[in-house]
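The data blocks that follow each hold one structure.
Here come two complexes built around subunit A, the first alongside subunit B, the second alongside subunit C.
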Partner chain A sequence: MRVTVKLFATFRDGRFKVEERELPQGSNVLNILEPLNIKPDEVAICLVNGRDVNAQHFLNDGDTIALFPPVGGG
Partner chain B sequence: MGGYIGKILRVNLTEGKISTEPLNMELAKKYLSGRGLAGKMFTDEVASDVDALSPENKIFIAAGALTGTNAPTSGRYVVVTKSPLNGVVASSNSGGQWGAHMKFAGYDMVILEGKADRPVYLSIHDDVVEIKDAAHVWGKDVYATTDTLKKEFGDDKVKVLSIGPAGENLSLISAVMNDLYRAAGRSGVGAVMGSKNVKAILVRGTGKVENANPDVMKTVLSSALGKLRENGVTGQGLPTYGTAVLVNIINESGIYPVKNFQESYDAEADLISGETMTANHLIKKDPCYRCPIACGRYSKWEGGEGAGPEYETVWVFGSNSGIHDFDAIHKANDLCNKLGLDTISVGATIAAGMELVQRGYIKPEELDGTPLEFGNAAGMVEWVRKIGYAEGLGAKMALGSYRFAESYGAPELSMTVKKLEIPAYDPRGVQGQGLQFATSNRGGCHVRGYMISPEILGLPEKLDRTSLEGKATWVKIFQDLTAVIDSLGLCLFSSFALGLSDYAALVNAVTGANYTDEELLACGERIWNNERLHNLRVGYSAAEDTLPKRLIQDPIVDGPSKGQTLKLAELLPKYYAERGWDEAGVPTPECLTKLGM
Partner chain C sequence: MLEGRYVRNQETLTDQDQNKLLASSVAIVGCGGLGGYIAEELARIGVRRLVLIDGDRLEVSNLNRQIMATEESIGLWKVEAARDRLQKVNSEVKVDIIKEWFEEERGTDFFNEVDLVFDALDSLATRVVLERVCHQLKLPLVFASIAGWYGQIGVSLPGDFSVLRLYGHGERGVESKWGNPAFTPAVLASLSVAEGVKLLIGSIPALRRAWLQVDLLTMEFERFELPSIEP
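On to the complex of A and B.
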């Protein structure tokens, strides 16, 4: 399956803003994080298609994953 | 006693009379200082039927109980008055340095009453207070005014608060500015100062704010600073990227209003994000008094440099106007600072104008050749200027988006609650924040209970933004806690890392009080109910605890939150019950008795 991965704030340092990834069926968010060398506890917000999920969340073809370190404002 | 100075400066502008009086410590125990005590004194002293722009209205400029101490983020003060925009209690707070220096000069609060017979400014140098002629700076922008009056004062350490041309022109979306570009922005407080012919207030203080328990404070302060440092938002996210780091997260959540809330996702938002601003525009950080977070930005753009812009400003002059031109956003922000305008309300009014044009309400000949259309950056910047100087159609826009849209028979195109423009979160995709917008005591405002924190950012814990479960309770607690933070004179952003117990420890250490967590939160609830009672007295009812039709009846049309709606009708009765109010949203006698009101 094919998913879109978007990185924000410090996660972009030395990585990328947005890339597509080919993954085997049954992959979860952890399978995205590992090759990016991002530890699950560094992720403050993980959105899949705009909904907040945890690292064990299983992915589907066409999903958009947005990963944020702790950020805020107002 | 620490924290409080114990003295109020009262200036009757009609009579030219300057006096001081003791701070009522019995009231301060119940309402703290800042927003709380000034709000209580306002409701006690100003009759509910007073015209906001008449001499009978008063302005209470109040520091918080901890303002000017070594408590972290203790640089804030508040402007409390009757709002000329919507008649509610305006309580607009601001950071920078001015508030702390008012306390160093020896005052918890400055009250302005009556109306001067000519433009004046107030000069406060410790206990030497003078009303001076301001004819030479009337009409000048905030920067020129600050520069001129500082030179006249002859001491570079003087801090200046002033209005710009917008406040002089009685724009209902004008701000009170301090330290050049810090704004008590919302509710049209600049116009009230303008209506009194007061251009500026200078403070030069050589005193200091006492601390009741310096030894206890060392421990409490160390703990608070540690939490602010360790917290990912206050220790890293905000210092690195500023508030505009929210652009991407709010957009990716699908609650980022676009083109006057017609859409809720912007595929090009990253062009104007905090990440982009940091990479291409940031010159330096610009912290307020005693702030370890330092979210303030100082940036450059094509042809200039200056403060900001903040998240709300980036959004309102950016995506909400269909614009992705950072230089234009900077210019619009800079103009607002100099003309003394509230960026949120100005940008939202321009966006409403763009939709009025889109739908054919405004005819091209009304525009005097200045484009008013989504995506036209140069036109947008020019409209900011025209609003500030009340030129052409800008004079109508200077009254805010509600009156502007209503004048075309289309008030539903004004994205406001109680006539105050809603900030950068589509409430349909975030239920608690939607309830908060509807019930905020000053109208469409995010900083009366920032539910984005738990519902999007996951602080202090993660809530499902689409769920109604527990939201009424959360909103009440957030509103009450925010009233406490505002009244202590601390920055709301500290609450990303600090909780009620931390605030209780700080206020107890500094003032020598002995609040339990529950007692301190009850102060916030008292402050909230006092404001609510005022709003009911001026004629508001449960019918106005609502949002524009678009945000109540229509589902979100695009993006990750497509199809979502705000379930306000289910949330409101739960909220009223949680507050101990009756079904009409009126505080019950039992509720008021419990709070000692």
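On to the complex of A and C.
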């Protein structure tokens, strides 16, 4: 299946803004994070098709995954 | 009252809106980069009372971005330096200062007779606590956060869990590595005040159950939804 991965803020540093990925059926968000070298606890919020989900969430063909790091300063 | 002080608010704000602001009481939790600019803008636009909460003193590394920090004010309590400056800007605003860190059990005291709260904190965990306290006290909350070129801002009304969903994971944000330059707090504070003013005058805020993701590197402002969930 094919999904779209969007990275935000500091996650773009040394990576990309948006890319398409080919994944085997049954993949979850963790399978996206691993090759990007992003640990699950570095993700503040993950949206799949605009809904916030956890890292175990299973993906479907055509999904758009948006990943955000924690931005906490004041 | 100084004649003509609010003349340039007109048209954007009706007389009725201005009067609502001039009757309003606002708490700002955190008086650093974001909180300083938020306080400055609220004092200028004209609110009745500001409650500034911060348990920290000014240090040299604050000078790059905190509007209340000057070379003369290093070492002062942040809220004291803020009050001094705000009184020079608008002596008609009552500025109450609290030289303490925000804590859950102090919420009722801190937010006595407050209409709106701004989250200008720098701790993810305390942000979540602040949202909970605001909801318990039925207070609207405008939250904003910054790190490097990036920021987030939104509105959480009682029953929303926007802050919990955005900041409920992890101990420390990426600002610990990327720092905070001068422009990011100024932008995010202004966006916060624009939403806060709407809440104070009874207009509908744009960023309820949502947040605006601000990227000053690419100059992209993107809105994301946080639709209500069953608790």
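Observations on the structure shown:
Convention: the second predicted complex is superposed on the first by the 71 of 74 C-alpha atoms of A that agree within 3 Å, B and C clash if a C-alpha of one lies under 4 Å from a C-alpha of the other, contacts with A are read in each partner's own complex, and residues count from 1 in each chain.
Assume contacts are C-beta pairs under 8 Å (C-beta built on N, C-alpha and C of every residue); 3 or more make two chains touch, one makes a residue touch a chain.
Predicted model only: the values in this text are computed from it and were never measured.
After overlaying the two complexes on the shared chain, residue contacts for A:N49 are found with subunit B alone; subunit C is out of touch. In the superposition on chain A, no contact is made by A:G14 with either subunit B or subunit C. Of the two partner chains placed by the overlay, neither subunit B nor subunit C lies in contact with A:G26.
Look at A:D41: by the touch rule set out above, it reaches subunit C but stays clear of subunit B. Judged by the touch definition given at the top, the superposed model places A:G72 against both subunit B and subunit C. Touching of subunit A by both subunit B and subunit C, each in its own complex, is seen for residues 8-10, 17, 44-45, 47, 50-52, 66, 68-74. In the complex of the two chains, the subunit A residues touching subunit B come out as 6, 8-10, 12, 17, 44-45, 47, 49-52, 64, 66, 68-74. Across the interface of their complex, subunit A is touched by residues 231-234, 236-238, 240-246, 248-249, 252-254, 270, 274-275, 295, 310-312, 446-447, 450, 452-453, 456-459, 462, 464-465, 492-493, 496, 559-561 of subunit B.
Partner subunit A is touched in their complex by these residues of subunit C: 30, 32-35, 119-124, 127, 144-152, 165-167, 169-170, 172-175, 177-178, 180, 185, 213, 215, 218, 224-227. Taken together, the subunit A residues at the contact with subunit C in this complex read 8-10, 17, 41-45, 47, 50-52, 66, 68-74.
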